[in-house]
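Sending over a structure as structure tokens; questions will come in a sec.
Lettered A, B, C and D in written order, each chain numbered from 1.
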Amino acid sequence: MKKYIEKQFNFSRYLDGISEKQIEEHLKLYFGYVKHTNLIREKIAELSKDKENNFYVISELRRRFSFEFNGMRMHEYYFEQFEGQSVNLNPESFLAKVLTEKYGSLASSIEHFIEVGKSRGIGWVVLSYDLAGQTPHIVWVGDHELGQLGGLPIIAVMDMWEHSFMVDYLPSEKEKYIEAFFRNVNANVLEKRFEDVIQDETFL
Amino acid sequence: MKKYIEKQFNFSRYLDGISEKQIEEHLKLYFGYVKHTNLIREKIAELSKDKENNFYVISELRRRFSFEFNGMRMHEYYFEQFEGQSVNLNPESFLAKVLTEKYGSLASSIEHFIEVGKSRGIGWVVLSYDLAGQTPHIVWVGDHELGQLGGLPIIAVMDMWEHSFMVDYLPSEKEKYIEAFFRNVNANVLEKRFEDVIQDETFL
Amino acid sequence: MKKYIEKQFNFSRYLDGISEKQIEEHLKLYFGYVKHTNLIREKIAELSKDKENNFYVISELRRRFSFEFNGMRMHEYYFEQFEGQSVNLNPESFLAKVLTEKYGSLASSIEHFIEVGKSRGIGWVVLSYDLAGQTPHIVWVGDHELGQLGGLPIIAVMDMWEHSFMVDYLPSEKEKYIEAFFRNVNANVLEKRFEDVIQDETFL
Amino acid sequence: MKKYIEKQFNFSRYLDGISEKQIEEHLKLYFGYVKHTNLIREKIAELSKDKENNFYVISELRRRFSFEFNGMRMHEYYFEQFEGQSVNLNPESFLAKVLTEKYGSLASSIEHFIEVGKSRGIGWVVLSYDLAGQTPHIVWVGDHELGQLGGLPIIAVMDMWEHSFMVDYLPSEKEKYIEAFFRNVNANVLEKRFEDVIQDETFL
């Protein structure tokens, strides 16, 4: 069984409004998800040696896999967005075009993303793209695995767990974190993800 | 706003062990998901005319979108698998190769899929493929939206809601439905889905 | 460790619109919940012999206990309601009074209960009573464990899983089942439950 | 409609290892739950004026009620435990006896509670008592509403959302918070809750 490996992120610059301490603690949590994604598979393999006796336990571990796997993967999407330089979305990019088509303007698509980020509880904002329906969706995902849109490729994510900002901000200052998030995103990363999605489609 | 449209499925043959009545009732439920996927978006649009007053309501409707959208999309994946003829997985296909690589043999990958189908509660078995990790995953998804693997393309699904078999079978006969499911799947559909996923990768 | 025991229900009469076959199949599922409530505890005990190695597995089994336990308990609340004779709620009962106070009339409280029963997806309608807030609540619970009101005593439940009616009705006939449910309930059971809740309160 | 009112807690002493700032921020979040518990009911009442048109929206708001209500109520259970003085559980109390009976000793019941607190993700540890089964249960509840044991009275809770400790501790220091929690609990509050539960039972 191939193991999932901790991805190394290239943070060559200081983030603005998100401290090194915050990133450091956040990465520790990410490492925990990688570790537990592997652990859950090892435990299933171990218990499968006596499948009959362990059927129920294996089955319930499998049910939980999505929490750890998504916990790992969502953090990878997140941190990758801070690699390289902070760059705004290019209004001429394909991504900008589909967002503008749905939300009226780039500004209002960002406003929409921020609104979703103010959903009650903890989780993620996820921008994904539905090729079949030819439309982007910006949704809230609770925890890491409650409400993911099945099969849709992911273009952008914003972590709204409390651990992603509480080293720097109080819960009552959540909006400051959201602003800081947007100041630091390298939108080239998002554009690249979207281009990978549409590359073989006769698009636009 | 583009509406989602009910997909028409081409059931040119009788299914074996899944009755026409069962399919008919199941399709009615699918139509309900399409309807509500559109409805939820219309309601959000309607309420957004007074965003300030309706912020909370809009936010909670958005949270629920994944249930309706996945309910629609998962049923589309499901019914498409019964289109055309019933065909076994080609052992020479790319899909067969990655399944064999992970599960030891085609037979044991199917056995694994069936095991996951016996998970407690209602939901779906989903076979998806992780390009980043170069490995397939067969997981259980509760309801339609609890435990989807974020961003992973979907190759095969099996509906394990009680409505998908109770026209023909009792809950205590769930395994007969699973057997019938496998007798009717057109594996070409799955192979095609997988080839779309890997087409641009230097694969295998 | 004391085991949970299958409760025997006294169905001395034929139900109206809910067949013996339906009840029989439903009871089999109930027995499954009792069995798995015990099983999950046995497995935890077994794995606890090597706590260090099994910490994660134990923890995830514990998380799942609520599904099996509630699955057991909710079905007990449900079947008990069919014991004895079918009796309407006594308008002079304490329960009728608190329902009338909140919902305007007994009829509109029943209408409200039915409305909640038409929620999308599968689960339960639960009438519980909040002593601290001195008010009844009628809520939807997804699956068996998603959305239970913590700490509130339960007065009435209606099973809205598909297995509770699909032996007798199609999914598109769900409302017929709801009507049948109400024709068969022995409201004395609900009144008794409520009296147990308020017995030591200076009430009304 | 009676509104839920913010409970005032009597913190006459300094907590040990949980700062005033931490409590202050945590109380702000509690106030948010009270506010939204009321808001959700107001919105339902408002939308019910045009029930036909708003059926779906009302239904989905109702589904969400458990999050806000439990969010309110669980915090009340939590903060009440810090009122008065820090007192250990009396080994002669009824509560100590049932815990000892199940877990072998008071110390191992506390150890068990702490273990559950180390579950992955965010949520609550809840000690409740099953009168029907005559046994206490210590379970994990995800978010506020995922996995509550239906109908069981609550004896003790520990908040394991990140907001409950991150003013004082890093996520990697979670155990220090758990220790601080136990140093500050007034176990008389728990004993009193349990006595209310068993008062009319021929108990022990």
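Operating definition for what follows: contacts are C-beta pairs under 8 Å (C-beta built on N, C-alpha and C of every residue); 3 or more make two chains touch, one makes a residue touch a chain.
The structure presented is a predicted model; accordingly, all values stated were derived computationally and were not measured.
Interface of chain A with chain D: the two copies contact each other largely through the same residue positions, with over half of all numbers used appearing on both sides. Between B-C and A-B, more contacting C-beta pairs join the chains of A-B. One finds 37 Å separating the Cα centroids of chain B and chain D.
Taking each chain's centre as the average of its CA atoms, chain B and chain C sit 30 Å apart.
Chain A and chain B have Cα centroids separated by 23 Å. Within chain D, contacts with two or more other chains are made by residues 36, 56, 60, 63, 67, 120, 142. If you sketch which chains touch which, every chain touches every other chain without exception.
The touching residues of chain C, when paired with chain B in their complex, are 25, 28-29, 36, 67-68, 120-122, 142-143, 161-163, 166-167, 170-172. Of all residues in chain A, those touching chain B in their complex are 1-2, 4, 55-56, 59-60, 62-63, 65-67, 69-70, 73-74, 76-77, 102, 115-116, 118-120, 126, 128, 132-135, 137, 139-142, 144-154, 199-200. Of all residues in chain C, those touching chain A in their complex are 36, 39-40, 43, 47, 56-57, 60-61, 63-64.
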